[in-house]
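When the chains are written out, they are named A, B, C, D, E and F in that same order, and each has its own residue count from 1.
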Amino acid sequence: MDQIIRLWHNSGLYQMEPGQAVMIAIGMLLLYLAINKNFEPLLLVPIGFGGVLANIPGAGLAEHGGILHLFYTVGIESGAFPLIIFMGVGAMTDFGPLLSNPRTLFLGAAAQFGIFVTLMGAVALSAFGVFDFSLADAAAIGIIGGADGPTSIYVASKLAPDLLGAIAVASYSYMALVPLIQPPIMRALTTESERKIKMVQQRHVSHREKIVFPLLLLLLVAFLLPDAAPLLGMFCFGNLMKECAVVDRLRNTTHNSLINTVTIFLGLAVGSKLSADKFLDLTTLGILLLGMIAFSIGTASGVIMAKVMNKISTNKINPLIGSAGVSAVPMAARVSNKLGLETDPHNFLLMHAMGPNVAGVIGSAIAAGIMINYIAG
Amino acid sequence: MESSSLMSEGISLMLFGMGFVFVFLTLLVIVTSLMSKIIIKYEKSAGVLPEDGVPSPSTFIPHHETNAPLQAEADDKTLISVLTAAVHKYRSRHK
Amino acid sequence: MESSSLMSEGISLMLFGMGFVFVFLTLLVIVTSLMSKIIIKYEKSAGVLPEDGVPSPSTFIPHHETNAPLQAEADDKTLISVLTAAVHKYRSRHK
Amino acid sequence: MDQIIRLWHNSGLYQMEPGQAVMIAIGMLLLYLAINKNFEPLLLVPIGFGGVLANIPGAGLAEHGGILHLFYTVGIESGAFPLIIFMGVGAMTDFGPLLSNPRTLFLGAAAQFGIFVTLMGAVALSAFGVFDFSLADAAAIGIIGGADGPTSIYVASKLAPDLLGAIAVASYSYMALVPLIQPPIMRALTTESERKIKMVQQRHVSHREKIVFPLLLLLLVAFLLPDAAPLLGMFCFGNLMKECAVVDRLRNTTHNSLINTVTIFLGLAVGSKLSADKFLDLTTLGILLLGMIAFSIGTASGVIMAKVMNKISTNKINPLIGSAGVSAVPMAARVSNKLGLETDPHNFLLMHAMGPNVAGVIGSAIAAGIMINYIAG
Amino acid sequence: MDQIIRLWHNSGLYQMEPGQAVMIAIGMLLLYLAINKNFEPLLLVPIGFGGVLANIPGAGLAEHGGILHLFYTVGIESGAFPLIIFMGVGAMTDFGPLLSNPRTLFLGAAAQFGIFVTLMGAVALSAFGVFDFSLADAAAIGIIGGADGPTSIYVASKLAPDLLGAIAVASYSYMALVPLIQPPIMRALTTESERKIKMVQQRHVSHREKIVFPLLLLLLVAFLLPDAAPLLGMFCFGNLMKECAVVDRLRNTTHNSLINTVTIFLGLAVGSKLSADKFLDLTTLGILLLGMIAFSIGTASGVIMAKVMNKISTNKINPLIGSAGVSAVPMAARVSNKLGLETDPHNFLLMHAMGPNVAGVIGSAIAAGIMINYIAG
Amino acid sequence: MESSSLMSEGISLMLFGMGFVFVFLTLLVIVTSLMSKIIIKYEKSAGVLPEDGVPSPSTFIPHHETNAPLQAEADDKTLISVLTAAVHKYRSRHK
């Protein structure tokens, strides 16, 4: 009889705290969104499941000695998982559209404005006593506006590990919401005639340019902002493996089994940060709110930048591709394309939008480097 | 940190950060354009790289093992190249 | 541990463990049956899921990279199946 | 000359102890069984080879600083390898047959009886002074009857690390011997007319049911037995990846390169526990004997359970599928099928036997959770 | 303004030391050689890139807490990466040609002469005060002559971690230079009639022989030289997985995604040892010089050994296959074949040269074992 | 270490190491030749192993999942499909 009582006392039902029940429900909600609504399933399925596992009362999976905690320590605290993912993303990125029209890098720069405004917003909310974010917290929250999951996770693991769960969830959720969030902003900021602008066909980019570009980018980072070197270094390495063509077997493994394996464990490890005491907090609401603002401002500034550039250049840019500067590769570029086709069924913007799209990846990695330099440096 | 100091730190990081992002990407635009110009000029005389690169034999991971699939792959390529037009048509319909 | 105490611990764990396994799996039978009933009822009005699921585009792992090979693979299969004879001939010459 | 003497003193021949020679021979025997007799080669090739490596005198591969010891520490002591394997097994498991006939879960429950009887046997042998097993040892030995390699290894690593080598070898050997061990027991316990029972064709199970089931199972585990949450959590995660269809690239990696890689290192790490001083012991004989008993009782109780269920239900079950409740997926189900065809060449039981077969995986994971809860909890 | 000054002080340009600039240039040179000249790209792309990353001033990627340092600690210091690579190489090696003509093992033995002469050379240079190599350093340098990357890295990580970067770079560079280094030596040491020797066609080797061979080799190593057991044990394990045919799914993962993944991280980790203070040293020049000598002597002794064997046997060996004994699989064998065809367009030596070629792998692993036994044992 | 001692250590390691490499590989030549002789003799009476080995079903990694691709692969081998009957016979005898 003692045993039954002990078993009952060890059971989940007995030990369950309200917060854990809510977090399990949130984990299930993430799974629902991922599976039924196709919200970034590759990340949100592991994160959601990890969130459920982390909140099983008495199992201690996310505590010292638990398997999720192990994944977190080995993969995220060390920085390895986000960097390996970045290498994999590099191995999948084609810089051709960017190289054929380097000016689109300005759109990728402008879209990072959301990051810094949001940082400012978080700081202001703290200054007015609404929240209690430190400068480091504010920086990690701002990076959500970069629309780059691994960059967000990397920065959060360095600057605000306690907020990592909420930041990662916000980051991937908003990336999934790109097709909902961006179009109204894009429509509001552009006239129909602007949306109809047809862009010049892209010039052919030679193989040699594509090989040299990641090395050039690496050197520029090395010279100017070493704090961005881990992220952009691994990114450039992956891209060089792709373009140099002599290590195809390494590149194939990188963007298949390696990135898939790391994605699984990264997701579970992020899930381990969805514990009730960290996540069920007004702070999380603040992060979700600020993340949304960051995203919207980033979208808007990309579009506005394109319009500004049209003022000073004769070679017109369709401002719809400006929004792709937030990255969220390739969804943001697809959104640009879709809106272009809506206005003029012959206006294919996809390849043009890929330029600012990958520029946005570089831009937010640079922003991340600055944050780390400023705060942790 | 005091709230006013936090505010000023935030403003400073915002201005400074956004500025640096622009400076960096501007520099990147410049060096990238320069690089492209140099390479295009160079390739006018030297020719471009072969489209598929030149994967080489390696002593590290013996290729006598992987040659067979590569050969097969090459065969497929040859066959498919005959059918390029059909494939293109098919894809344009399905994308 | 004393041997008699070990024995009684063992008996206790056996009874208790076997009992729990049955209780747990009985509960699982019940909730599973219930779940199936609910879903079957629901699907009568809502329809079933598409057989293959709906793999979606993802911002995390760009699909513009993986779509091409998948599509190409499918194309290859179709195309190549037409050309089996030629392939065999070609390979037998090159191996 | 000194050097030659030192070399000779460092050589394997000089340092070899009889136990090591015997263990090398046992490793070679495992390799022979795996390669020539197809005894679970995917595990017994790495385990056998690891066993040989671990017993090379003077090489210290299984000692602190040795590569096998490293694999053991990183992968088994941490619990990671068995859990990852369980995730992979989940990614390969089809719960369709079970869902179409949930009653077969009772068969999977009954077959766990072998586990607990064996635990009792081990305890009794200790009480009578034949062996010196603790309660934890007895529990780990009992789990062999669960016919689930990774579950056995996981439990042994928690409760009886010293016996891990013998338990893993017994576990996989008996799983390989399923086609020899089970048929006589099945024939002895069934009449020909029982073996001829034709089962109703299975209803179609909808995709949605398959997606919800792993979540349901997870919640039940979370509420009732958190100690089973690591094993069944990872298992359900793998299965959800398979069924949800939106993360196919993750699932493909999981059940191909990831599970293969982990299997190699798991096997080598288990082999590192085949050191002479731990394995060459009467204890090992006891484990082998008790494991065999566990297996046989599990088989018998599955069959008997089916007969009992036939007494109280009109929807008859062919008792031959009861034996599949021990798990040993899918070999036990094939044995059921084979015996069914033997009696009546038109009686295909394979799909019906897959129900209890996968139920047995759940059943022994639950049993494992209870053991850990009772002893370590 | 303070921030800009701090940023400038943290920038790479400000912190760059001349040595780092030189090392970045050397990393770029390695990338150039790998990509444009096909110098062992699978290793030299990651090593070169890792070298650049390691020398980014202020980023600290190769220092404690940096990602490259992490890869080094986890993978090379532990010995895991080179050993896993060796397992993968084993899974790709065909011992058929060697088994059909076991005498070619003597060629693989003779070619190791370069290793020991070079060791002697390094010791002599130290004795005369030119360099300051310890016996352990000299041994690690000598192994370059084994023309086996992973063996070199393994030995260097045990005996001379400070020299690991230079040794690995030398090792892979010279392996890439095999087609340039070997032919003049081979031509100088053979007469045209010797080069025209046609070898008897190889007998068919049965599957069973191929399965037993790795076990036989393992036992011989276990009995005679346990210090070579890690390297040759993993090698034999990989080869057994290949030949036994019952674990094909494990073997496929081993020689595809597993070896590729490890190669990437091994390369980056080696790159982390290309820091200016370790690499920009006269020592590195000495290593490059001695490595070249080792390579040349190994080539020469293989050829001479073949000529000696022809004196005492009637079954003639074409001395051109002797040079393949240095290993550098399969490039050295291809060089033998090429020179054979040059002299007589019908003299195909490739399969004959594969025998000494794989024998060279065994030979240098044995030499490595002796070094470790003698110095660390 | 003193330079003369270093020299003598080096010489000793050189002679000793090279000697051992030769001894070891000579032994390997001997046991390999012996092994081959024994196996060749044995196979004269017992027959050789089937060329592809006989990969077996495994309880560890269920094959009912991996059968499909294997099956597809097998389909490619037109020759083997001709020999299905013979293979089945062989397997039923050897299982």
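Keep in mind that, in the parts below, contacts are C-beta pairs under 8 Å (C-beta built on N, C-alpha and C of every residue); 3 or more make two chains touch, one makes a residue touch a chain.
On a predicted model such as this, the values are computed, not experimentally measured, just so you know.
Novice: By mean C-alpha position, what chain is farthest away from chain B?
Specialist: Relative to chain B, the chain whose C-alpha centre sits farthest away is D.
Novice: Any chance you could check whether E-F or A-C wins on number of contacting C-beta pairs?
Specialist: Result: the pair with more contacts is E-F.
Novice: Quick one: which chain's Cα centre is the longest way from chain A's?
Specialist: Checked the centroid distances; the maximum from chain A is F.
Novice: How many Å are there between the centre of chain D and the centre of chain F, using C-alpha atoms for each centre?
Specialist: A distance of 28 Å separates the two centres.
Novice: Rounded to a whole Å, what is the gap between the Cα centroids of chain A and chain B?
Specialist: Whole-Å distance between the two chain centres: 20.
Novice: Using mean CA coordinates as chain centres, what's the gap between chain C and chain F in Å?
Specialist: Averaging C-alpha atoms per chain gives centres 34 Å apart.
Novice: Need the CA-centroid distance for the pair chain A / chain F, whole Å please.
Specialist: Roughly 48 Å, centre to centre.
Novice: Going through chain A residue by residue, note those that touch at least 2 other chains and give them in order.
Specialist: 3, 7, 38, 41-42, 211, 224-225, 244, 246, 249, 256-257, 263, 370, 374
Novice: What are the residues of chain B that contact at least two other chains?
Specialist: If we look for residues of chain B contacting two or more partner chains, we find 13, 16, 20, 54-56, 61.
Novice: Quick check: in the complex, which residue numbers of chain F touch chain D?
Specialist: 12-13, 16, 20, 54-65
Novice: If we count contacts the way the header does, which residues on chain D are in touch with chain F in the complex?
Specialist: Contact set of chain D toward chain F: 3-4, 7, 38, 40-43, 88-89, 92-94, 147, 149, 172, 175-176, 178, 255, 259, 263, 327-332, 334.
Novice: Sort out for me which residues of chain D touch chain A in the complex.
Specialist: My answer: residues 78-80, 83, 211, 215, 218-219, 221-227, 229-230, 233-234, 237, 240-241, 244, 246-247, 249-250, 252-254, 256-258, 370, 373-374, 377.
Novice: What does chain E use to touch chain A in their complex?
Specialist: 3, 6-7, 10-13, 15-16, 24, 28, 31, 34-35, 38, 41-42, 45-46, 49, 52-53, 56-61, 66-67, 70, 256-257, 260-261, 263-264, 268
Novice: Within their complex, state which residues of chain C touch chain D.
Specialist: Going by the criterion above, the answer is residues 1, 3-4, 6-7, 9-11, 13-14, 16-18, 20-22, 24-29, 31-33, 35-36, 39-40, 42-43, 48-56, 61, 66.
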